[in-house]
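Quick heads-up: structures coming right below.
The two complexes that follow have chain A in common; it is paired with chain B in the first and with chain C in the second.
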Partner chain A sequence: MLALQILIDGFAISALYGLGAVGFTLLFGVSGVLNLAHGGIMVIAALIGWQAAGGLGLGTWLGSAVGVLAALVASYATYFVVVRPIQRSRAIPREETEIFVLTGTLLWGIMIQVGMAYFYSDNPVTMRPLIDGVTNIAGVRTPTNEILIAVISWVAIGLLWLLVNRTRAGKALLAASINPRGLVLLGFELDRIYLMVWTIYGVLAGIAGVLLASFLGVGTSNIGNLTASAFSIVVMGGLGSVSGSLVAAYVVGYLETFTAYEIAPTLRPIPALILLVLVVYLRPQGLLGRR
Partner chain B sequence: MARALRSPALWIALVLLLLAVSLPWWVSAYILGVLTVSYYFGVFAMAWDLLFGFANEVNFGPTFLIGLGAYTAGILDNTLGPPIFVCVAAGALVAMIGGVLLALPALRLRGPYFGLVTLVAVLLLQNAIVIFASVTGGEIGMNVNDILSVNAVTNYWIALVFIAVCGALLFGLSRSAVGLILQASGQDAIEAAALGFNVTKHKLAAFCVSALFSGLAGAMLVFYEGTASVGTVIDIAIAVQIIIAAVLGGRRTILGPAIGAIILVLAGEELRQLGQLNTFVVSAVALAVILFFPDGLLGHLLRRGERG
Partner chain C sequence: MSKQGWLRPTLFAGAAAFAFATAAQAEEPIRIGVIGEESAVAGASLTRAAAMAADDINAHGGVAGRKIELFTYDDHSSAADAVRAFQRAVSQDHVVAVVATYISEVALALEPWSARLHIPFITTGAASNEISRQVHEHYDRFKYTFHGWLTSAFIAQSICDAEHDLLVEPFRMKTAVIMSEDAAWTTPLDVRYEECLPKAGLQVLDHIRFNPDTTDFAPIFRQIEAKKPDVIITGISHVGVQPTVQWRDQQVPIPMAGQSSQATTSTFWKDTNGAANGVITASAAAPGVAITPLTIPFSEAYQKRFGDSPSYSGYTTYDAIHVLADAVKRAGSTDADKLVAAMEQTDMVGTVGRWQFYGRNDQFTHAIKYGPGLITGVTLQWQDGKQVTLWPAGAANGKVKFPSFIHLPAASN
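And then the complex of A and B:
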């Protein structure tokens, strides 16, 4: 019974982790940016979605849409205010751009965290479930909302797969992650591809944020952990590898759920952290990464 | 040596040092107390700059090293109770072992991968302290039995001598042949190796030195404040403060980060009335510095001096 419970809860939380990490890894794969404001963008979606749904009375679904839109705006702001100026700055040597982007987005994430805490306080908020009711899966009473969240996550990931592998724009995206110079030589505007990847990223992070708010509840104090968990999942799976991130999301999700149920809830993050260190030591390119 | 003496950064630092020496005669004990903390912070930032500015390693976990030093010293003082300097030395030693542990992945991993490992190191240490709460005091923190002094002026002098000595040593090291080789290894490891320098040895040394000073400063801070807690020496927020200080002051100048740290602590005190928004303003300023003057305050001044 407990095993099944862990299986179901772990599946839902892992799907959500995967959704959160996929955008992050796509962004790195295509534009080489590690966005340390990731958690901040997710929480913007959650808080603004929560306010639109409850405070403004738009209802859960419409409120969630507003939240995703807010994440999209935040994603563009991150790109145009922080990342692009750093990438274009002539005062920053080329080989140091990467660490400057890391530091810049880190600071940006803190600004988001403190700014949102100022308006919404740092108490976590919980969105009303997208769908009410409880479903009985082989004796385990599961909120229908939890199932819906797993489904939405997988649909979003599936749509992303279709977009990248089956459309012309998506293929250009894929090509940019392999050889940006070659793509430019073929006459593609790299700026438009970057804009597209930040759009996709914003939408994915936004969906993950509002779903998290309706599943577990989320607040500004979670921002650091959200960024850290996306970062670890993505590194464990292999930076830039979408399927690797999904595998890693499930490994981490199940490991955490198992620890929380079987050992102690307080130790929840530890086994995943230790596993991460081991993976990075023994296989630095990650589970499915290429070097 | 002659080159180091001609460096304008050194003269700026000397003028500031003279100013700092005169302070006890004309400012209040409260300001001295704030400055005392900022001096220990300055050593954190200088030690971090050795890794970030010179070895080009993004260490998100300076507080891993600081925390190791601080907690080792504190626990030793509360259990066996040797003289304070033994506790501080032990803290520095354990921090150095931690530095070697961090260096091992750094020699194999590039930028972001290494950054993540350092981040995980902090989280693991933080969790370990909460789990072994009976020894470490857990989330509440622990009181230590001894403190350096109860007199604000004495404490100020200890901190000032400490930052001056650490600053001189680190600055000298950065301007020595070893510092140059380290800088070369950080910027282009392959070329540095091709020129016949042992990149591994120099990077390992950089980690040990950085860890040594971080651990020393962490242990000293514990005996100044009389307490060690996750919130004051380990939390990621402290690491971020150190990073902001180093970037603000000017990376790769060693003295810049110390100045940045002092400014940051003073600004934090001054902006306290803003409450929560304090951090927002500080981060925004640091971000603006990154965008418009990526060399930081001191780096910007020095570069202008070179051109003029």
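And then the complex of A and C:
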């Protein structure tokens, strides 16, 4: 019974972690950007979605769509206002660009956190469940919404896989993550590739943010944790590897759930962090990393 | 000029200057520092209520002709920022007293500064017993600190008293599990819970303290459910929305009662999309309940000005500013020691009850006195979008009602 509870509770949270991490690692793999404003973009989706659903009376489904749109806008803002100007700047030496981008996104993330807290307070918000009620899975009472969230997460990940592996644009994306120079030689415009990856990132982060609000509730005070958690999952899975981050997300999700059930709820984040240290020490390229 | 010629004009000028300076002194405003947490619901109520209190006092002529001037700071829920704000308020803004914070950790960080700088300081939302314990044990050093809300010990006691009347007798509840966030204010709260709940008729089956950064409460609720208690007694303030929403979504069949600070504010229903339905919590006051003749006028004026009803810290802060003004009037000065002596003699009817402070020889020196006729707080329950007051019996305007997914003990009717 307990094992089944852990299995079910762990599955949904891992799927959500996975969705957030996949966008994060794709962004790094293709454009080399470690977006430390990741948590901020997720929470923008959650807060705007919550307001659209409740305050503006659009209802849960339409409100969620508005939330995802908000994350897309935030993602573009991050690219055009913060990242691209730094990447194109002539005043910054080429080998230092990545550090400046990292710092830029970090500061941008803080601006998002403080700005959103000003408008919405730091209290977490929740989206109404997309489906109400509970389902009994072999004796374990599970909110039906939780099952739906896991399904939606996997559908999103599945669509991403289709996009990357079966469409021309997606294959160009994959190629850009392996050898950008070769791609340019073949006549592809890197700018359009980058625009596409930031679009995909914005949509994924938006869906993750809105689903998180529906499942657990989220607020500006969670932003730091969300970024840190995505970062550690992605490092564990291998920076740039989408399948690696999915595996790592499940490892972390189940490790946390197991800890919360069997050891103590207070110690929940610790084993995942210990694992992160071990991975960085013993296998720094991550489980399935390429670089 | 001859010798006699300059003496008299000089003396006259000197006397005029002195008279002018004294007159200017009499018009000088009473400066009070206010430090709140603007991003948090309870912290924002604090600063807004202080502004309202100052405006009300000034509209009635101030204190013996002197206006109250507030210097407001946001400490971002950080003790370090609060200490900096405190220092600045004293050294640059020259405040004569500080009203601050609903977070015990912050209040405990400010207390030694109140002692070092000899500035009367009153916290209007924090609860830890430590705040008054330090005043009791090192009176001469910490006497400038006052605790303007019930200590955790009395919050727990009022909850035990309330749940005995509301749950044990009518619903024949026998067992409870304590669920609190791991924070400074809940340590003494839980100690008192463990003592008084059995005396109230609820055997404590388990005691869970969770990390205040917890976002996933499913393991905690499942762990509680496995013990099969009749009620969950909470001690939560830093969290509120997430555990409440998840309690409803997972349809945990056990009612939640105790202290849930966020549930005391009117926005909680919206924030939780109605998951608050059935949650029972202790609070300073509740809408529509006249604890004193001042309670309802204050909450209505606050609602009109700010759009939401005040959080518990709003009531206490509004009263605290009046306590300070009253003390300045009685002391006839803003000198720190005289102000402290005057505050110790406080006997004032505020919005939450009758304010008196415990004395040097009482256990909780400088905390507000708890008891019928003084201050007890109320217990309320969210029912269909409204906060219904259940306890004390004299203030009650409704009966306990639980959502349909709650399983009550079989022997109840």
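Following the convention adopted for this analysis, the second predicted complex is superposed on the first by the 291 of 291 C-alpha atoms of A that agree within 3 Å, B and C clash if a C-alpha of one lies under 4 Å from a C-alpha of the other, contacts with A are read in each partner's own complex, and residues count from 1 in each chain.
Following the convention adopted for this analysis, a residue touches a chain if its C-beta (ideal position, glycine included) is under 8 Å from a C-beta of that chain, and two chains touch if they have at least 3 such contacts.
Note that this is a predicted model, so its numbers are computed, not measured.
Q: Please work out whether A:126 is in contact with chain B alone, chain C alone, both, or neither, and reply first, second, both or neither.
A: After superposing on A, A:126 lies in contact with chain C but is clear of chain B.
Q: With the two complexes superposed on chain A, say which partner A:220 touches: chain B (first), chain C (second), both, or neither.
A: The answer is second: A:220 touches chain C but not chain B.
Q: Determine, under the contact definition given at the top, whether A:97 touches first (chain B), second (chain C), both, or neither.
A: In the superposed model, A:97 contacts neither chain B nor chain C.
Q: Quick check on the superposed pair: does A:117 touch chain B, chain C, both, or neither? Answer first, second, both or neither.
A: both
Q: So, does A:143 touch the first partner chain B, the second partner chain C, both, or neither?
A: Touch partner of A:143: chain C, not chain B.
Q: Which of the two partners, first being chain B and second being chain C, lies in contact with A:87: first, second, both, or neither?
A: Neither partner.
Q: Based on the A-chain superposition described above, do chain B and chain C contact any of the same residues on chain A, and if so which?
A: 117-118, 266
Q: Considering only the defined contacts, which chain C positions touch chain A in the complex?
A: Residues of chain C touching chain A: 39-41, 44, 77, 182, 208-211, 213-216, 218-220, 222-223, 240-242, 245-246, 249-251, 262, 270-273, 275.
Q: Which residues of chain B touch chain A in their complex?
A: 52, 56, 58, 104-105, 108-109, 111-113, 115-117, 119-120, 123-124, 127, 130-131, 187-188, 236, 240, 243-244, 247, 276-277, 279-280, 283-284, 286-287, 290-291, 293-295
Q: Under the definition above, what is the set of chain A residues touching chain B in their complex?
A: 34, 82, 85-86, 89, 91-92, 95-96, 98-100, 102-104, 106-108, 110-111, 114-115, 117-118, 224, 228, 231-232, 235, 239, 266-267, 269-270, 273-274, 276-277, 280-281, 284
Q: What part of chain A is in contact with chain C in the complex they form?
A: Where chain A meets chain C, its residues are 5, 9, 13, 54, 117-118, 121-129, 134, 141-143, 145-146, 216-220, 222, 225, 256-257, 260-261, 265-266, 268.
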